[in-house]
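One chain, chain A, appears in both complexes that follow, with chain B as partner in the first and chain C in the second.
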Partner chain A sequence: MTVVIGFEGSANKIGIGIIKDGEVLSNPRRTYITPPGQGFMPSDTARHHRAVILTVLKEALEQAGLKPADIDCVAYTKGPGMGAPLVTVALVARTVAQLWGKPLLGVNHCIGHIEMGRLITQANNPIVLYVSGGNTQVIAYSERRYRIFGETIDIAVGNCLDRFARVIKISNDPSPGYNIEQMAKKGSQYVELPYAVKGMDVSFSGILSYIEDASHKMLSSGQCAAEDLCFSLQETVFSMLVEITERAMAHCGSQEVLIVGGVGCNMRLQEMMGVMCKERGAKLFATDEQFCIDNGAMIAQAGWEMFRSGQVTELEDSWITQRYRTDEVEVTWRD
Partner chain B sequence: MAQEKSMAIPEFLSKAELLKQGAEARVYRAEFLGKPTIVKERFPKRYRHPVLDEKLTHRRTVQEVRSILRCRRAGISAPVVYFVDYTSHCIFLEEIVGSSTVRDHIASTRQSDCSNELAWLAERVGQILAKMHEEDVVHGDLTTSNMLLRHQEDGESELFLIDFGLSYISALPEDKGVDLYVLEKAFLSTHPNTETLFERLLKSYAAASKKSSAVIKKLDEVRLRGRKRSMVG
Partner chain C sequence: MAATDGERNHQTGKLEFSLDVPFPSSLEASIALRSLSPDREPRKGGISKHLAVTGSTLSVKWSADEARVLRVSVNSFLDHLTLVMETMQMFGPPVTQ
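== the complex of A and B ==
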């Protein structure tokens, strides 16, 4: 029996989760929410995390009904992410590991998403679409690495959605993406936007510039409603994502897709991906906001796999990094 | 007349042999006017909004035919276009009989460890891409699956470029650099540990054309862009 606690705080969510051999014992989380029209700044986000992290830690232990002595390993997010929040969370993880006398383990955030998705959905060897505020990647496993077949060549899809939400002042509570999704349901008029697929890569910065510019003109002249823009933006960017996923499936001969990351809980994206999979006779795996959005359990789960394969991070190596690509990690726990 | 033709194509395809369903299209093998033919049918994608779908499908059919023509005129091997139908979005292409994809070729050759032959192939790919970019054709979807190799009886091999659906015409080094970047990523993720082989490809690309140096410079920039990309969340 192996029990791992995971600390995650690479962006505006702070979460701590405990995993015991594939079972999620607890997974509390807090989100730093900014006013409409504003993003989250690193230092403010770190301040938020500092203020609540010990409360969240207490909750995680209480909900799991465990004492520190029951824990075998302390996993934390090593990167990628925002520097200040990462430092804050790593510092707490390092401290409790020393207090409790437990080994430490630095985890790649993207690997956390993938391993959590595999655990929850039991997908065996899927093409992974990882979509969030900071990442857009199409990933497949081969020869001990999660290899990136396609990705954004500029900004992430979630970043494109979030920044559009800021332009037209959509609320950030619970998240800008969720509110765009709800508004899109009421949209009907399809506004043509740029469409940028380059092989298995995508680009979103041009779409963002275009819609930032067009939205002011179109909204003030009454040509369309904000809901129509949300609808059109979702239809366009999600079509691009489904297209590159399908390309990767055809390229790798895969019949399974797993969607992970915060944007992955968007039901319209899941629906479109489902239609594509059905046409190909493939299977779609997805999770809900509990596990799609950043959380502590995903770091615990990747940590669990790494710990069981014999990895630990020495104290002097327990630093963080803002840039840490998915394909840098040697996957020691899969064949 | 047009109506008759579009009615005839589904019937024609129903008798053809379905080779595979790619991401873009269904690919059939058939005989057209006595010639071995590949038919590429861009069927509607139901996950997409119908307006977007029609626009993309039409544009890609046009682009594919246009770029193939431009390449062939420049002496770059690509399949001959026999016939196009814009109603059913079908392209009838010459079948490259007796060919295999570069992807399969690399995979099988690496196992038998014939590094000389692969080096030759990498150089050949670099040259053909330099020539294509010299004609201002940006392929848009360069992978080793989209290149065919036909072995001829005299022992020589001929390299074909296919799948121009995402292609467009551009003289900008930026667009050509992204084209190579797409290939680099597809190449290295499909064929792990082939960095030296890809370097060889780029070297031969750089040597083959005067316009290459600006493109390689852009490629370095695009690579950095990828690395610098904020990786939060």
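== the complex of A and C ==
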């Protein structure tokens, strides 16, 4: 029996989860929500995390009904993400690991999403579409690496959605993407936007500039409603993601798709991916907001796999890193 | 907690700042040192920071080219130190192996 506690705080969510051999014992989380029109800045986000992290840790232990002595390993997000929030979380993880006399383990955030998705859905060897506010990647496992088949060449798809939400001043509560999804359901008119797939890669910054410009002109002149723009943006960017995912499946001969990351809980994206999978006779795996959105259990789960395969991180090597590619990690826990 | 403010060292021409933090024991001082040491200063050059433990005191020394850079580094260190000390208060004392 192996119990791992995972600390996550690479963006505006702070979460601590405990995993015991594939079972989620607790997974409390807090989100730093900024006013409409504003994004989250690194130093403010770190301040938020510092203010709540010890309360969240207490909750995680209490909900799991565990004492520190019951834990075998302390996992935390090493990167990628925003520097100041990452440091905040790493500091607490390092301190409790030493106080409790437990080994420490630095986890790649993207690997956390993949391993949590695999655990929850039981997908065996899927093509992974990892879509969030900071990352957009199509990933396939091969020879001890999660290899990136396609990715964004500029901003993440979630960043494109978040920043559009700021332009039209949509609430960031519970998340800008969720509110865009609700508004998109009421959209009826498709406004044509640039479609930017380049080989296996995608680009969103041009689409964002275009829709920013279009929204100022079209909304003031009454040519369309904000709901139409939400609908059009979702249809366009999700089509791009489905296209590159399908191409990766064809290339690898894979019959499984797993969607992870915060944007992955968007039902319209899941629906569009589902149509493509059905046409190919493939299976779609996705999770809900509990596990799609950043959380502590995903770091605990990846940490569990790494720890069981013999990995630990020495304190002097436990520095955080804002850049940390998915394919930098050697996957020692899979064949 | 004792600090000496940013005095300019006349030999090196750099601003220097030092801080002493007392802990209940040398073990706790060492834990704080190991929690606070791994991350490098975000900016390259212009500032250096050195941490050491003597007895149950954690000592930190800064050396910087500009007061502005020194302030940012000291401020962020104090935020980090506060969090580590709060963590120790809530989840300590350390188990002895």
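The criterion applied here is as follows: the second predicted complex is superposed on the first by the 335 of 335 C-alpha atoms of A that agree within 3 Å, B and C clash if a C-alpha of one lies under 4 Å from a C-alpha of the other, contacts with A are read in each partner's own complex, and residues count from 1 in each chain.
We adopt the following convention: a residue touches a chain if its C-beta (ideal position, glycine included) is under 8 Å from a C-beta of that chain, and two chains touch if they have at least 3 such contacts.
Note that the structure is predicted; figures quoted are calculated from it, not measured.
When the shared chain is aligned, chain C comes close enough to touch A:D317, but chain B does not. Contacts of A:L54 after superposition on the shared chain: chain C is touched, whereas chain B is not.
Legend: residue contacts after superposition of the two complexes on their common chain; A:E279 is shown touching chain B, with no touch to chain C. By the touch criterion defined above, A:S132 reaches chain B but does not reach chain C.
More residues of chain A are touched by B (comparison of chain B with chain C). In the superposition on chain A, A:E181 contacts neither chain B nor chain C.
When the shared chain is aligned, no partner comes close enough to touch A:D228: not chain B, not chain C. Once chain A of one complex is fitted onto chain A of the other, the partner contacts of A:E8 are absent, as it touches neither chain B nor chain C. Chain B meets chain A in the complex at residues 21-24, 45-49, 51-52, 55-56, 140-143, 145, 166, 178-179, 181-183, 185-186, 189-190, 192, 222, 225-227, 229-233.
Across the interface of their complex, chain A is touched by residues 31-32, 34-40, 42, 76, 79-80, 82-84, 86-88, 90-95, 97 of chain C. Those residues of chain A that touch chain B in the complex are listed here as 10-11, 79-82, 132-135, 140, 142-143, 145, 147-156, 158-159, 190, 192, 195, 197-201, 235-236, 239, 242-243, 246-247, 249-251, 261-262, 272-273, 275-276, 279-280, 294, 322-325, 327. Here chain A touches chain C in the complex through residues 46, 50, 53-54, 57-58, 68-69, 83-84, 87-88, 90-92, 94-96, 98-101, 315-320, going by the rule given at the top.
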